[in-house]
Structures are given as C-alpha cells and as structure tokens.
Amino acid sequence: MTAVPPANDFPDRDADAQLVERARTGDVAAFEHVYRREVGRVYALCLRMTADAARARELTQSVFVRAWDRLGSFRGDSQLSSWLHRIAVNEVLTEARTDRRRRARVVLAEDRTAEDAGHDDAGAREDAPEMSGITLPEDIETRMDLDRAIAALPLGARTVFVLHDIEGYRHEEISRMTGSAEGTLRAQLHRARKLLMEALSR
Amino acid sequence: MISSRYSARRHGGSLPVGWAVVVAAALAAAGGDARAQKGGDPAKGATPRVAIERRGAVASDASIRLFGAFSTLRIIGWDRDSLVVSGTMPKGWVFDGGLASAPAGLPRGAKFFVEAQSEGYTSGAMLEIHVPLRARVWAKSGSADIEVSGVTGGLDLNIVGGSVTVSSAPRELNIESMDGSVRVLAGAAWLRVKTATGDIDVRGGSEDAGLSSVSGTVRVTGGRYERGKFETVTGDIVYGGEVGYKGSVDLTTHSGRVELRLPPRPNVELDAATVTGTIENSVTSSRPIAGREGRGMELGFSSGTGDTRVVVRSFKGNVELKPR
Amino acid sequence: MKGEREHIAFDTLNDYADGVLDERSMSIVSKHIESCSVCAGQYSVLRSVLQSAAQLPRTLAPPDDIWAELKESLDRRKEAVLPVIGTGHIVSKADQRSPGATQKRWQSPAFLAVAALILVIVSSGITALMLRDNNAQRLANQYPSVRAPGSAPVPPSVLPVGFTMAEGEYSRAIGELLQAVDAQRSRLSPETIRTVDRSLAVIDSAIAEARNALVADPNNATLVDLLSASYQRKLDLLRRTSELSSRI
C-alpha cells in the first residue's frame, strides 16, 4: 500500500465552504478538488475496516457519491474532512450490517459469544501470565506487518481498533456510531491489541 | 354460472344416490361480494327460514367450493370420506350445487352456492359443512363469520367483512379479507393472510408465512416461523414468535408501531432500521444509533447463536424491543 | 499467592497505556512495571503496537484512480430527471458498471421495479382513474406530486439513476388493475368502496412520503424496501378488489 500525502495539510474552513458552495451548484471540478484531497483518508479507513481491497474501493466511491448527494446538509460546523470521514465510517458500518449476501455480522454486542469462541479465547481477560513469553521482533514497527495483522483481526475487534487506535475516535463516539456499549468496545479493543501483540511476535 | 355438471337440475329432478335437496328453484344472480351486507331488510320483518341439507360421499382429498350469501359458515373436518352441508337460509333464496361427476371412484370435487333473493338482508344463510380431514375447501362470501376446525388439507377463505377463525393446522391456508378480522390459532405450513383494515392474529407457527394488512394490526404470538414476512402500511405489528432456530422473519411497516417481544439473551440476529421513527431496546445491551442523515435510527446486533434473523424496516413507525 | 508474584491484569495494563486510570492506580501500576520484568515486557510490546498503529499512514491511495468512474456517476446524477408518462422518453439510462463491479442495491431489479412504480404515482391519469374527481383533487392538493386531471405538469424530480423501460410495464399493470376495479364499482357495496378507497388513500400517502424521502436520499436501501412494500400492498389491494365480485 502506498502512502499518499494529503494535497493540503491544513484546509481552512473558508476554503472548504467555497468548495462546497460551488459543488452544490453542480460544479464537479470543485468536488474533484475535495475528492483529491480526501480520497486517501477515506480509502485507508475503508480498507482497514473491511480488510478487502475490492470492497474498500467500492465503498470509497459510495462515500463520495453520498457526500455529493448530501452536500446540502453540510453546515460548516465541522471540518469538511471530518464530515466526510463520518460519512465513510457510517457507510462501512451500514454495509457491514445490512449486507445479507455476505451475512456479515457486527460482533459488537457484549452478549455475543459464538464468534468469540471461534478464536483462541474469549476476549481480553485477566491473563497476564500468558503474555510473559512475548519478545519484541526486530521489525515490529514495519507498517506492512501491522496492516496485515489488523486485516486478520475479527470484524468487531478490527472495527474498534481502527476507529480508536488509528483514527482516534473516543469510546463514546464509537459507541454512538456502532450502537455498542462502551464496556463492550473496551473489551473488544483490548482483545484486538492482544491479538496484534501475539501476531507480531510470531 | 355454475357448470351444468354441478347442477342438481341437470338430472331431471332426480339426484345421485345419497342426495337430499330441500331447496326451492333458482332466482336471480347474486351480486357476488359485499352486497350481502348485514343491514336492515326494508321490506320485511322476521324472514322465515328454510333448512338446507346435502350429503354425499367424496374422495378424502376432495376439493370443495362454497360461494355466495352466507353469513355464518362452520367448516368441520372429520375422519370420513363424505360431505354434509346443512343449515338454514331465508325463504325464497337458492342453495344449489352438487358433486363433480366421477367416472370411477368417489367424486373429487363439489361446488355449492347460495343466492340471495334481494340485496340488503338482515342475515344470510347459516351453514355448517363437514368435509374429509384432508379436503381442500374454498369459500367466498361478502360479510360472513367463518370458523374452521379439524381441516388439515387446504383452506382458501375470502370475505369482505366479518371474521375468520381457524383452529386446525391445515397444510395450506390462504385468507383474504377487507374489513373482516382473522384469527389463526394453530398455524399452517404455508400461510397467507391479507386484509385491508381487518386485524390479523396468528399463533402456532408456519414454514412459510406472509401476513399483510393496510391498517389492521398484525399480531404473531407463539410458534416458529421459518420464513415469515409480516407487513403493514399503518397497522401495528407485534411479533412474539419463537427465536433461536434457523429462520428468518421480516417486519415491514410505513408508520405502524412495531413491537418485538424477545426472551432474555435471545438467539437472534437483528437488523432494524427506520427512516424517521425511533428504536428502543429493553432486551439486550445494544443501543441504536442515528440513521442516515441523522434521522431515524438503526440497530444491529447478534445475540447468542444468532440463528433467527429478524429484519425490521419502518418509515416512521417506532420500533420497540421488549422482554417477553 | 505464596511464592507466586501477582501481575497486572491485561485490561488494567491497557487502561494504563490509554492513561484512563485514576492517579493512585496509575502510580501503583507504574511502580509495579519498574520492578516486574514480565509486566514490563508486556507493557513494552503493547506500547509498540499502539505507537506503530499511531504511526500508520492515515491516507492510502486506492489501487487505481476511481475518479473517472465517480465523475461519470456524478454527471449522471446531475442529469437524471423523471420522464413524464406518455412521452415514452427516458432521459437517463441505466448506470453501466465496469465488469466485475458489484451491483449496487439501487441498481437491482427490485429497485428498478420500484422506480418504475414511482412514476405511476406521479402520472396524472392513473390516480384520477381510480378516484372520483373530487378525491383526485383532494389527493393532488394533499400530495403535490400527484396531478389532478387537467392540472399543470409536475416539475421533474431528481431520482436515482437506473430507471429503465421496465417502468412502462409496471404502469401498464397498475393501469389494467385500475380499469378492472373501475368496472367492478357498480357491483360493490358502498361500504366496500369506502374501505377500498380509504385503504388506497392510506397506501398512496405512504408511497408519496417514501418517494419524497427517496428523492432526498437516493442511496437509501431502507427506503427502497419500504417503497417496494407499499407498492406491493397497492397491487394486492387492487387485485383483490378487482376479484371481489367474481364467482367461482
């Protein structure tokens, strides 16, 4: 995966407002500017949450189409990039929930145990002695290994890890977006981290 | 009109062995639907009534059709390969019909109709028909109260107003009503119920159930629905069927209230979404989130084994998950 | 616990790494880590994972430039308008996806069928045929998307792309049913007619609401499902009404 530096590191709100205004009138060129600036971040989010490049590509397109349709609802009270990012998170979560063909399950409810049972243990628990054999591999900081390990996480754990530890959302925000209790999210997050630690130490 | 092979008059006044006819000659054609409404009979006081009785041997899986101006109809399945129609109707009306011709073996069909003498009558024919258990019965009237028991074959019941109550568990059950209410007490393998304003109350489960009403309430309590599709436009939907088996239940409404009654720690996979309505969950810890555009709500969770999939879609009706 | 040292629970270690413990707990954990190699090692690994995660690039380029495809979608959205019944002219055509692309829900046959039926409601003649003139006018007043006979044409509405000529088939089916129902009116009781008219008005109201919502939010799969269900109720009701006075 190739990192793409954003076209403008510090978009200002006035510039955003002008872009949105022009795009609202049907100015596709103005919207392209928004696209070029934000596509990298949107795609990164979609890819990390779905762990599927084809779906991520399709979702990225959906996000921008939806943003185009909903330009009228952008009020300028948040940054355009934040607004777009929330649309992206919502699209990914909605698609995971409602895609019947893949029967994807959002494993975030704290009373769900079946999928957890399919993995090595039931989430992060008080099991400190098990971790004593872990040593730091030389290349633990290799981004490719970590991205690959994240992609291998179970869906619920991956969702929370990406939103919290990579994208920086707080638990209360993630709780609102996913409909899961904060306690559940905390348990899922700790589990994700434990699985990553184990994967990267092999 | 009735096919000649079903007309008793075809036989020159004499009937096949086993038949007894106590009915007068033909009158004008009936209106067909809800012209036979309950209402005052302007010209008469208490109308004298005449008795009806017909009997005959039929095949155990015979197809029996009954149409016309009956106000009450009881359909009773019994363990005999014979058919008995009995009851009363206003004097001057016509009850006609008969058995299908059968070159060999028992007749496989029978057809009867009741014709009113005029429109607007206080009460129509009051009939009771005994049919073989595995028979298939088709009945159509305007405003009528129909009760069914013991029939395990098939039932196709069509009323405008009145009520339908089915207490046996037929293999196939199709009920269509406009205003009339429908109660299915023991389920049916294949079940379809449609009303416009009539309430629908179903218990007993089904392999394949489709219940729909425009503004009547659809209530499903008890039983296992392997494939269930319950829909209204403005009517409420209450679902309290079993969960925890491999099945799929869809609840769809435009503005009706949806009440989903679940046991504690239910084995369900839930997918609920509204466009502007609210969602409340008093059963599990999952909380709904804001829907698209910040309007409406969405709630999705998988609880326990998640075997039963429940999908709820509402435009502006509110959705409530309540403990059973 | 004799002879066995207690270690920090993994959950607690995570909370420590996130800085969400209270001051006293933070101090206890911190002191323990200084003196316990096991927990120190675990904490070190955890911190590395978190630091690596924080250093992951926040942006990644899609494998190919999707702008061209996206632009095509946006251009079509700008141009998509409802055709007026009777002209037979479809302004927009179905979105042609590139091979291998997954069909989107709003391009599915079910959605196209619903889209076709949406046009029926907008058409002036269909609803007026079912309802008497005063009812049609009432409906037109209440639901601006429905034309009363003789009124001005409805301005075109922007709906999702993907409509095809299939909409003509659906409008024909509903038109036939409405004609059949109209032919039965004289044979139906006033009560039945009232029930049917009332129910149709309820359904038409639901259809109009869902349709307006779909115009505002064209990618909403829930709305597609709901609109489809309301149309099915209408077709069902019209069919049953048309069969009410039929004999065996």
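Chains: A, B and C, in written order; residue numbering restarts at 1 for each.
What we mean here is this: contacts are C-beta pairs under 8 Å (C-beta built on N, C-alpha and C of every residue); 3 or more make two chains touch, one makes a residue touch a chain.
In this text the structure is predicted, and so the values were computed from the model without any measurement.
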item	value
Chain whose average C-alpha position is farthest from subunit C's own	B
Centre-most chain, if every chain is reduced to its averaged C-alpha atoms	C
Pair of chains joined by more contacts [C-beta pairs], A-B or B-C	B-C
Between subunit A and subunit C, centroid-to-centroid distance (C-alpha), Å	23
Whole-Å separation of chain centres (CA-atom averages), subunit B against subunit C	32
Subunit A-subunit B separation of Cα centroids, rounded to whole Å	50
Contacts with two or more other chains, residues of subunit C listed in rising order	217
Junction residues of subunit B, two or more chains touched	273, 292-293
Per-residue multi-chain contacts in subunit A, two or more chains	70, 98
Residues of subunit C that touch subunit B when the two form their complex	187-189, 191-192, 195-196, 198-199, 202-203, 206, 209-210, 213, 216-217, 220, 222-223, 225-226, 229-230, 232-233, 236-237, 240, 244-248
Subunit A-touching residues of subunit B, taken from the complex the two chains share	265, 269, 271, 273, 284-290, 292-293, 298-306
Interface residues, subunit A side, partner subunit C - complex	1-6, 26, 28, 31-32, 35-36, 39-41, 43-44, 47, 53-54, 56-58, 60-62, 64-66, 68-70, 98, 124-129, 131-132, 134-136, 140-141, 143, 146-147, 150, 161, 165-167, 186-187, 189-190, 193-194, 196-197, 200-201
Subunit C-touching residues of subunit B, taken from the complex the two chains share	1-2, 31-35, 37, 65, 67, 111, 113, 138, 140, 142, 160-161, 176, 178-179, 194, 196-197, 212, 214-215, 231, 233-234, 252, 254-255, 273-275, 291-293, 296, 313-316
In the complex, subunit C residues that touch subunit A	7-11, 13-14, 38-39, 41-42, 44-46, 48-64, 66-67, 69-71, 73-75, 77-78, 101-102, 104, 217-219, 221
